[in-house]
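Here subunit A shows up in two complexes: once beside subunit B, once beside subunit C.
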Partner chain A sequence: MTQTFDSGTRPGGPGRSGRSGGLFRRDSAFRRAPGRRRGSPRLAVGTLIVLGLAVLVVPVVARLDQQLVDLGAASLPPRPAHPFGTDEMGRDVLLRAVYGLRVSLLVGLVAALVSVTIGTLVGLVSGALGGIADRFIMRVVDGVNSIPHLLLGIFIVAMIKPSVGAVIVSVALTHWTTTARIIRSEVLALRSRPFIDAAISGGSSRLRIVRRHFLPHLAPHVALAAVLMMPHAIWHETALSFLGLGLPPHLASLGNMINDGARSLLAGNWWASIFPGLFILLPTLAISALTQYWRDRTSPRWRSELQL
Partner chain B sequence: MSRTLARMAVWRVAFAVPLLFAVTAGMFALAKASPFDPIRQYLGDRAQTTSPEVTARIRENWGLDRPLIEQYLDWLGSLLRGDLGESRSLHRPVTDVIGERLGWSLLVVGGAIVVMLIVSLAVGLPAAWRRDSWLDRFITGTAYANEAAPVFWTGLIAIWIFAVQLRWLPSGGLTDAAATTVRPGDVLRHMILPVAVLAFSQSSWLLLFVRESLINTLREDFVTGARARGLRERTVLVRHALRSALLPFITLLGARIPELVTGAILVETIFSWPGVAGTSVQAALAADFPLLAALTLLATLAVVVGNLLADAAYVIADPRVRVLGVS
Partner chain C sequence: MLFAEGSPAEGLRADGITVAYDRRRVLDGTSLTVRPGIVTGLAGPSGCGKSTLARVLAMLLRPAAGRLTVDGTEVRRWRHRADLRTRVALIFQQPRLAVDPRFTLLDVIVEPLLAAGRPAADAIAHGERLADEMSLTADLLTRRRHEVSDGQLQRACVARALALRPRYVICDEMTTMLDASTQAHLVARLESYRQETGAGVLAVTHDTDLLARWCEAGAVHHLPAPDGTSLVR
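== the complex of A and B ==
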């Protein structure tokens, strides 16, 4: 409303007039609330469906022989037979990227689930106990947040030897704090609701309140936190792999592919590292667009937390 | 004001000291649980040929046979005395390694902060002013995409464009491979890409923030008042709206230090820049505990100090905080 008023009272004001100004602008500002311009999530859903199908179907149709090396076809630029070109070992970049996406999604999913579980438990305990315990736990959360995530992740991976398990542990141990904060604040908000008072007056135990009242209310928030955590987890996994501290080098993962491709980049082979990066970018963008849409519709309060 | 500042500083330090102790304890516990044997690492290939007696003597010398708590206190004591130990992969004192490389990291990160501030202001301002125009859409769209793109990927694209295709800038390193001395002009040329990539990757959140904050401020009464008084649009934008839109920005910048460290780790690795952040990756690849632990502590300290500085700057910049105090 204020926006309409604002532009309506200064017809032909400096900068507002001209080709892009006029009636149309005012009209569109009237209809749209700020920050909600990306109304339809169709593109994001489509991207996710295509990527999901590729990840599920391609491994059935085309088998990836990890060790297959064809030096005769090494470093071929993109062409119909190899839409993304081939890497310095002559392997098809598109096929490997799909497999890499599969690995990254899988590792990201497991890591996100573990970290959201930890975060939910911590947030629930903190919010439900309250008082000194709550304050202490939140200090610990602040403390973990004070160590840069990637550095802490690198430290953890370095100490337990780079492997799939180490990457999952590393992501889970560094990413639970945002979920814990959100769940705690939700629990605090829930605690002041009348039906909780009623349950306490009715003689419900703490455990029963947590199980019967808190958890069902928190379920959608936990689900959203898990979805939002996915891109973070994928990013973290690919970054670790890129640094050579993640998944084993023989495994086709997006981070490993970018790392391998970086070596031949100086020789002019850009496709081996740039295309796999698109497979990190696309799901991340799609998920963040989707969650933004969902968040705007359900709980606007969340906009500040857990932003990508 | 000075009392508010002092109270805040004491409060922050009171939180930072136990935090740093907790970080050392956590790192030590992780290192002890790790399957790496520091002696084998120290010996490297010689581990095969060294007799068990010698190994046992080193173990005793290093105090590895004593109880864990004693070892921890020992390590902590030497940390407090300023002795960070010796890097196991570089075979040099950790203090030397950090002293030599910290400056290069600060150079890149400092440069990136300056560039990022200028760029995000210069781009965020027109985006907010011409809200919903095609320009705004382009800017915010790029910012969202950039936010989702991993910095090691954008860095590679930058190398490909500017170093491989156009051959304008070197693809990495501190100086030319043939150079024997470090000359400022040479370093500057090698610095451009890392600084630009780090600044670009970090600037999108800042830009989006500037835009959003400015849009909200432009709706406030005092802006309408300034316009009603007939001030020029540029004066209204820059002197009135931007000034108050930028207040929360100081705190946010302080809170972004973890991300800056993360970005520095990746950027320094891509461009083989000899700073401390990239060194942490080499230390991790070699499971070099003393070096990695020192760097993690350093980063944590940087985050704490950054938060303190941001809070202090906020108190100085915003009179309301001075009166109401810091919560």
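== the complex of A and C ==
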């Protein structure tokens, strides 16, 4: 029954229906249209909610003494009292990871937002104006690009006192160029489409076209750029911390923790670096799954093709 | 001063228009006048520059040479900066490409009214009236371009084109992709608009039957084929 129903209504059914018998019959309910990732973002939203709550609630419930050292409890593997174990200073990895996630998410989010905002504005202005203005702006972008961005980032952060703000400024000011390029090329492609001509002919001003046509079309690209920027920003925070230019070493940040944990990894203390690593991976994957879902929803051409 | 403004009777006038795409010249000193109140035809084989001329007339494309006057006022600024651009409406050949995929049909029709600064409620009421004149039902108005047929979409495009009550309407192969009954419906709507407002219409098409039925006998321009092969054809 199920099989006939499936192959009759779903494209590509007959080729696969052989697999959906017996134990795997329920597989048909999860079968996805080609090119589409998840039907529902529940898992991703759930992950983000859990991590978000942890980041917001835990610091209220349990305070972390950043300077505390308890050598008697050093390098303990995971156990009920310390679910993620302790590091070589005897500090609870779970509590520090939650605090670190807070710092890293803040750095990642703010730096990604700032750099993507700069990039979007530059790309939009460059693409929408075109001509000499476009060429000039793109040469500036080339100029910034020609300097290795870690080096430029170090230069910027070295001029400011080591702090969260310095890391944010450093990452944001070195990472807007990719976004600017992507957005510019998207705007150039959009500009030549007939519906933009139709809008101009209908009396829309430049600003109105940017607002009504360009920005809504660019939103998925901007979001994607921001999401892709977040882990990158977090990694830069790690790199800068490692070089002693980012966050002070005693502060719990995921970057500091992984670097600390890496030293004891050879001694078999996998928990001190694996758990902070997961704390970087999980929110990043969840946000990117959400972006994918959003793109499916807001890209009507894809949607129409998939629903046929 | 009164004369400098020009009189509406002069129409939409293109003089010696030449357009260059990179090195290639598409139109070579073409002249054409669209007079108010009558239907002018523009014919020619494909690739001869009909659509290019239509875009010049709609102030969307700056010609390399030649001048365009709207009711006696010369057009010196083009595209976004052309002040008179809403006086000329352009209906595109492919409605699917001429509509933002994110817009509902109502958004499409209302957009020029909003761009002209009309209050939203007023614009929506006006848009619904325009849609009704094109026999677009209320349930269609909430759909997007991939959820309606070409004919329905083109009707929305005609409603959009007429929203600001243009003095001139340029129909660039408006009905080429559509069936006969939709074609008749669109032409009838433009005819009633023309009779009601005295607007000038330019019918751009290679469909000679349509031109014969729709245009005044002496008002059909023929563009030569590219590279001067029109004599051979």
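The rule is short, and it goes like this: the second predicted complex is superposed on the first by the 190 of 308 C-alpha atoms of A that agree within 3 Å, B and C clash if a C-alpha of one lies under 4 Å from a C-alpha of the other, contacts with A are read in each partner's own complex, and residues count from 1 in each chain.
Everything that follows uses one rule, which is that contacts are C-beta pairs under 8 Å (C-beta built on N, C-alpha and C of every residue); 3 or more make two chains touch, one makes a residue touch a chain.
Here the structure is a predicted model, which means the values were calculated and not measured.
Participant: Quick check on the superposed pair: does A:200 touch subunit B, subunit C, both, or neither? Answer first, second, both or neither.
Facilitator: It touches subunit C, and subunit B stays clear.
Participant: Is A:192 contacted by the first partner subunit B, the second partner subunit C, both or neither?
Facilitator: neither
Participant: Touch test for A:208: subunit B only (first), subunit C only (second), both, or neither?
Facilitator: The second partner, subunit C, only.
Participant: A:217 in the overlay: touching subunit B, subunit C, both, or neither? Say first, second, both or neither.
Facilitator: Second partner only.
Participant: Residues of subunit A touched by subunit B versus by subunit C: which partner has the larger set?
Facilitator: After superposing on chain A, more of subunit A is contacted by B.
Participant: In the superposed arrangement, does A:146 touch subunit B (first), subunit C (second), both or neither?
Facilitator: first
Participant: Once the two structures are superposed, pull the subunit A residues common to the subunit B and subunit C interfaces.
Facilitator: Overlap of subunit B and subunit C footprints on subunit A: empty.
Participant: Contact residues on subunit C for subunit A in the complex?
Facilitator: It comes out as residues 55, 58-60, 79-80, 85-86, 88-90, 92, 94, 97-102, 111-112, 115-116, 144-147, 157, 160, 163-164.
Participant: Which residues of subunit B touch subunit A in their complex?
Facilitator: Contact set of subunit B toward subunit A: 15, 19, 22-23, 27, 30-31, 33-36, 129-134, 144-145, 147-150, 152-153, 156-157, 159-160, 163-164, 171, 205, 212, 215, 218-219, 224, 227, 232-233, 257-259, 261-262, 265-266, 269-270, 280-281, 283-285, 287, 289, 292-293, 295-296, 299-300, 303-304.
Participant: Give every residue of subunit A touching subunit C within the complex, in rising order.
Facilitator: Against subunit C, subunit A makes touches at 193-195, 197-206, 208-209, 212-213, 216-217, 298, 300-301, 303-304.
Participant: Going by the contact rule at the top, pick out the subunit A residues touching subunit B in the complex.
Facilitator: Answer in residue numbers: 2-3, 6, 10, 13-15, 20, 25, 28-29, 32, 34-35, 37, 139, 142-143, 145-152, 154-161, 231, 235, 238-239, 242-245, 258, 261-262, 265-266, 268, 270, 273-274, 277, 280-281, 284-285, 288, 307-308.
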